[in-house]
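Presented below are the structures under discussion, each in the form of structure tokens.
What follows is a pair of complexes built around chain A, which joins chain B in one and chain C in the other.
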Partner chain A sequence: MKEASRWKRAGGWVDLRGRREGGLAFLLMRLTGIGLVIYLFIHLYVLRLLAQGPEAWDAFIAMAKSPLFLALDGLLILGILYHALNGVRVTLLGLGIGVPHQARLFWGVMTLTLLMTAVAVYAIFAITG
Partner chain B sequence: MPTWQLRLLRGRPGSPPRLETYRVELPAEAYLIDAVEKIWAEQDRSLLFRHACHHASCGACGVRVNGRERLMCITPLREFSPDRAIQVEPLRHFPWLGDLLVDVSPMMQWMAEIGFAIIRRDELTADRPLPGGIEQGTRFEDCIECGLCLSACPVMAADEAYLGPAALAAIERMLAEPRDGDTARLLALADDPHGAWRCHSAMECTAACPSNVDPASAIGRLRRRLIVEKFRRWIGGGR
Partner chain C sequence: MKVRLRIQRFNPEKDRKPWWGEYEVEAEPVDRVLDALHYVKWYIDGTLALRRSCAHGICGSDAMRINGRNRLACKVLVREAMGEGRGVITVQPLPGLPVIKDLVVDMEPFFANYRKVLPYLINNDPPPERERLQTPEERDRYDDTTKCILCAACTTSCPSFWANREYIGPAAIVQAHRFIFDSRDQGATERLRVLNEWFGVWRCRTIFNCVEACPRGIQITRAIEEVKLAILTGRLS
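Coming up: the complex of A and B.
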């Protein structure tokens, strides 16, 4: 329907101007989805170290316990939690359930995501520290 | 009388659009369509925009006002401050014809393809007496085919083949009241990767709709019906 270049179309969904909670939820869902797919490939790439022997794996584990890496784990948990919780919200809304409450559901998802991430990050640093 | 600043998107296809600021004197009780019409009448007759009924019945004057999809005829100037410019741009996801004008014919063609009726059964006055002198009530469909929902939908930005919220809501409405229509054809239209399943529940369509059509809920009901139909086929019940 639109007469625009493929790239401009692909970038159109990133445009948050004039969008409300639903649009923001949609954008975050896509960004976390892309992030999780990228993470999956990184995860599989790292797992190949197992085939290179205990030294290679132990060296990676030592690096994975650094504060920067643990902070990245927190970011990963944030993305997973948002994607999963908003997935439940989108499943309900996609079937026409709770549409009038979609904005409140979004803020509920955000609150739960941040609370659960905070608990998880605290647990990660407490266990490794 | 306050002076309002309007920043209108101007230009024609083939050259980069630009924002131009205009000033108009109008009372705060006036509406945005009054301001744009005054600019056209007194300052620039080359300004392209659509308008007709001036009371949210025709859906012609849809634009984006400070980024959000609105009908100019029901957007009061008192919502804004004379100190800050009101930015008016054409709708997204339609072919741009120039200035504030877009070509809504792709959406209209879908509505015609679906066979969307303008008049619905009069359920509002069915069980109550009509006022004296009126023999029969006529109830028009809520959708005024303004295209605001298509402009607000982020999925429209990424998938040009997507049917869009207006057409999907029209299919759901036609299935609810088929009037001897071809429901199997409508279900097949909706049951497509670019149909009801392409919606990502961003809910912007329902938020933008000026006519309480609630396309997001309609798409949800349509999906439920499609799921039921699929189950029926799987267990051999046919359509």
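Coming up: the complex of A and C.
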């Protein structure tokens, strides 16, 4: 008998053929989840600058105001919003609420995520610009 | 029309890993993918191994992965599959189970999970003289989950099952649901105990792959959520 490796078996979740909203929601949930964990560690690593005094921190803040950094902030907000809002969707589905409407709930999550990200990105650039 | 088939082949006696066999067959647009596979086996390469029994979407033997989707080969038309695959039909064994040969997978892990949920009527009352009566409403309560044909398309489309075969899987939960909500059955407590275990219903991540894959159109995730609620509330209504 031939057994596909564990990696190959689990890797099937990025194969979107024949999968619809539910599968896409799950894939994005995983990707944003992994992204947010990586971000958390970067965040903690940057916070160590606080221990090195005000100069080190101010230098970082100056860099954090560059357009590239602000754009990355937008990406972060996109990830956080999707993960949080889809988390609410998954919680509802897990409680048996709205299961027949899961696809519409997913598109609702996507719409809210994009709208709120757009508002946040506008606010970020308006404040710093 | 000419149909190009790409079939994942594996012979445990010869091959170290699976390889792709390419075949060109003559088929009508309204033939099924199963007919094309028959053509390959009967006229091109008799060593191709696949399962099928009734060939009419009832027995559930010929579930396989066609163009990346778990389906019954006897329920997919050639023209439909050709359109999806841009002229090539890709056929693979069901994912998540060990391959015995070509398109034949070892179904034992699947059936082991099926047996765990005690998929038969449990009723310790003395047998009545005639049938155990049930109102149409009581029958309707579990109607959807009676449609399961145990083809394994759902369970083998589930990422939770791919990651860990200990997960009891959607098909076993559907079968459990069929008896848990049957007014004539008395085994719900035991079944809910099994499904409340570590690898029971709580491994469902509501991905809905099973619902997309089910050739019988069963609302599997809804059944799973009903079982979860029954475990949480202890009520079957």
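Assume the second predicted complex is superposed on the first by the 127 of 129 C-alpha atoms of A that agree within 3 Å, B and C clash if a C-alpha of one lies under 4 Å from a C-alpha of the other, contacts with A are read in each partner's own complex, and residues count from 1 in each chain.
In this section, a contact is a pair of C-beta atoms (placed from the backbone, for glycine too) under 8 Å apart; a residue touches a chain by one contact, two chains touch by 3 or more.
In this text, all values refer to a predicted model and were calculated from it rather than measured experimentally.
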| item | value |
| --- | --- |
| Superposed partners chain B and chain C on chain A - clash or fit | clash |
| Which of chain B and chain C A:Val46 touches, first, second, both or neither | neither |
| Chain B versus chain C as contact partner of A:Ala64, first or second or both or neither | neither |
| Which superposed partner A:Gly12 touches (first chain B, second chain C, both, neither) | both |
| Partner chain(s) touched by A:Ala123 [first = chain B, second = chain C, both, neither] | neither |
| Common interface positions of chain A, toward chain B and toward chain C | 1-3, 9-10, 12-13, 15, 17-23, 25-26, 90, 93-96, 99, 102 |
| In the complex with chain C, residue positions of chain A that touch it | 1-4, 6, 9-10, 12-13, 15, 17-23, 25-26, 90, 93-96, 99-100, 102 |
| Residue numbers on chain B that touch chain A, as the complex places them | 64, 66-69, 92-96, 106-107, 150, 152, 154-162, 164, 199-204, 206-207, 214, 216-221, 223-224 |
| Complex contacts: residues of chain A adjacent to chain B | 1-3, 9-13, 15, 17-23, 25-27, 29, 90, 93-97, 99, 102-103 |
| Complex interface listing, chain C residues touching chain A | 10, 12, 17-18, 67-70, 95-96, 98-100, 106, 159, 162-163, 205-209, 211-213, 219, 221-222, 225-226, 228-229 |
